[in-house]
Amino acid sequence: MVSFQELSQQSPQSSEASRFERGLSKLKEIDGAAGDRVIESLQQIAPDLGRYIIEFPFGDIYSRPGLDLKSREIATIAALTALGNAHPQLKVHIHGALNVGCSREEVIEVLMQMAVYAGFPAALNGIAAAGEVFAERDKEKIVETRESETL
Amino acid sequence: MVSFQELSQQSPQSSEASRFERGLSKLKEIDGAAGDRVIESLQQIAPDLGRYIIEFPFGDIYSRPGLDLKSREIATIAALTALGNAHPQLKVHIHGALNVGCSREEVIEVLMQMAVYAGFPAALNGIAAAGEVFAERDKEKIVETRESETL
Amino acid sequence: MVSFQELSQQSPQSSEASRFERGLSKLKEIDGAAGDRVIESLQQIAPDLGRYIIEFPFGDIYSRPGLDLKSREIATIAALTALGNAHPQLKVHIHGALNVGCSREEVIEVLMQMAVYAGFPAALNGIAAAGEVFAERDKEKIVETRESETL
Amino acid sequence: MVSFQELSQQSPQSSEASRFERGLSKLKEIDGAAGDRVIESLQQIAPDLGRYIIEFPFGDIYSRPGLDLKSREIATIAALTALGNAHPQLKVHIHGALNVGCSREEVIEVLMQMAVYAGFPAALNGIAAAGEVFAERDKEKIVETRESETL
Amino acid sequence: MVSFQELSQQSPQSSEASRFERGLSKLKEIDGAAGDRVIESLQQIAPDLGRYIIEFPFGDIYSRPGLDLKSREIATIAALTALGNAHPQLKVHIHGALNVGCSREEVIEVLMQMAVYAGFPAALNGIAAAGEVFAERDKEKIVETRESETL
Amino acid sequence: MVSFQELSQQSPQSSEASRFERGLSKLKEIDGAAGDRVIESLQQIAPDLGRYIIEFPFGDIYSRPGLDLKSREIATIAALTALGNAHPQLKVHIHGALNVGCSREEVIEVLMQMAVYAGFPAALNGIAAAGEVFAERDKEKIVETRESETL
């Protein structure tokens, strides 16, 4: 039987406040300004959803040891491409993947691989999202890991 | 611009511990023994997922004011039937809906309505899940809200 | 064995014509002008689909006793948010939910809850749809149930 | 503007009763005994869903002129394979496709093609469903259109 | 046990080059200029995906005997409508269906039928895609199979 | 404009035969005996699908440079967990991930992260698949990368 007492104490987090702060810091590390814009867009009608996004995905999940951020972003862009119904979020996470050390080539490889598991239309729409992100970053002259460094 | 300071303080929860306790209490109210079994099944390989389920869906979401539990369970069984890939979880929440005051007739109406939004196969598979749940409850002689009381 | 004779006579509807009329009346009650626009948009290339929408979802399903319209709309917006591929229809039904007595707060609660069952991107896109609907209604000065009345 | 009066009269169906009868006849033509079993399985908890299945998909849709039954079954098995969450219904419609004149080879071609649009796992699971159906038919010695006749 | 040697030799294709050429020819036959635009759009960031699309879906799958092109396009538009997350690809294949001999009426019938298997919103969004395609073809004065010829 | 001539020559593969051989070798490296069983299961009714699986996903995609196999398997298990309709294939690829160097802890992290993008039921069903795979490997005493080595 589960000892719920024990389960409760497994939490490495000391308090609700630190959970929010840890999540906010992780959100900035991964998504940069794009993350801020998501939270801001929620202020008018669903501010608590903004808080939950900071606390659960970023404060709890992305802050866990056990998997590096680059691998986490590869998992996220694979899932969002396969689901195919989250174009804005896919773009945010393609930015995120590039921000935490993936090369553009690696991102393209993940998106192309989705043709195998979710079909060619899903892969094509993922590639279109990447094209938009790459153009945004070229315009803003963001410096990324070069492909040769990651291979 | 978002005042993240302010957002952090919007939390009605005083501490991480109370969040876990509140979630555990809500999980028992809605899912009864079935909830315990889900958490127990995670103990061996992903105990933290069990803790997150108690904390986020139950401690955060189902504990919010603003929507009664009966309506929350109607939303959940509609979503799980439409997605069509979560048979065990749909069964847990059909139990949950009946535990918090939905009648069997209301559950059937929600499932049938999904034929309109997710197609007849999704509705048929939802009805099959309900049939299994009703049989389990008949066997265990669980007393429910009678249909005439909810109309 | 099924008595198909009996099944045929279970229908509470007396005739095809009344089924269409009942559906048209229910469509207007729930969706108002937005419902008319959906039917009109089908006139050119698929008028029969317009007729089926009036007859089956509205004449058959939404006209059934056994579940109140408010609960039916909660189920519909949950399902459409979870499926994540029906933005225009989700907007029509957020209008519908508000038209039949849901408060904006209740709609937001349903959408946020979908983060648990269909992921945060689905919930975020649902919230964006609600933001568009609320702005349309503010512009048209539509009076709704106030939140305090529904809690 | 839509003339709803006119739309109502576009119906080629004279009455609700004939709609049920037409659907029942079409269900038997396509699905044979498997169709009966689906309707029977609903008698206990959702008999009206059984009636709607006879009336709307079979009485309205499959009874329409404009597309032959063989093409309709190809469309259905493609959709169910792509959605990937309706194994029992996919099996019923693979039977249906074979009953209305598709060869086994044609069914396999449709399922394999889904690898392109929904990914290889969806296609593999569709092929597994076909394998079960073919074995059932071999056991029951059902005679089908031979492949050479359809090419 | 599989004889992998034998499986390798089952391929009716003599060489990689002919596979590409066969696919390119089939792509032009089905999709016309729209197919070229898809491949071109990939040149900048994922040219290999363009090559794979020519080779696998068109060179391997659509080039197979065993199912006529009209039936293949019916399967594809059914699947893309049901999945509901591939609007641009659905439009390309509605063009494709009309190019290989489907009438507009047959396309509409397939899309409407999807209301049964994937819900009315999926069907409505499919019909909207068809409306856009028909308007494009009317503007370009493309001559198609007339409906009476296909019935 | 695309130079299709050029695109055709971008292929690093010299011949169809080597593509099959390269795929077969990659399939064995990643999936081991489980891969063989998938191909074998297709021999009776769809042997060409077996050949395509060897050629396209394994001969073309997994054989590409640009992304290491460990990252490819992380992407695949993320996508299959999020889609939620490919339990047997998810199990094959959890084996695959462990075979190419992922630790069990890393697999669990990817699956848990899917709660954020596809909902808790998808994550729970992914964890159940992992539990089955881990038990199979314990029984067969397969030696894996230890967790401390990958962090």
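Letters A, B, C, D, E and F mark the chains in the order given here, with residues in each chain numbered from 1 onward.
What we mean here is this: a contact is a pair of C-beta atoms (placed from the backbone, for glycine too) under 8 Å apart; a residue touches a chain by one contact, two chains touch by 3 or more.
Everything numeric in this text was worked out from a predicted model, so none of it was measured.
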> Going by the average position of its CA atoms, which chain sits the greatest distance from chain C?
Replying inline: F
> With respect to inter-chain C-beta contacts, which pair, A-D or B-D, contains the greater number?
Replying inline: B-D
>> Quick check: how many Å separate the C-alpha centres of chain B and chain E?
In response: 41
>> What's the distance between the Cα centroids of chain E and chain F, rounded to whole Å?
In response: 27
>> Roughly how far is chain D from chain F, centre to centre by C-alpha average, rounded to an integer in Å?
In response: 33
> Residues of chain F that touch two or more other chains: which are they?
Replying inline: 48, 52, 56-57, 64, 80, 82-86, 108, 112, 115-122
>> Could you list, by residue number, the parts of chain C that touch chain F in their complex?
In response: 82, 115-122
> Touching chain D in the complex: which residues of chain C?
Replying inline: 1-2, 4, 7-8, 10-11, 13-17, 19-21, 24, 36, 39-40, 43, 47-48, 50-52, 54, 56, 60, 64
>> Can you tell me which positions in chain E touch chain C when the two form their complex?
In response: 83-85, 104, 108, 111-112, 115, 119-125, 127-128, 130-131, 134
>> Going by the contact rule set out above, which residues of chain E touch chain A in the complex?
In response: 38, 41-42, 44-46, 48-49, 52-53, 57, 80, 83-86, 88-89
> For the complex, which residues does chain A have touching chain F?
Replying inline: 56-57, 61-62, 64-67, 71-72, 74-83, 86, 105-106, 108-110, 112-118, 147, 151
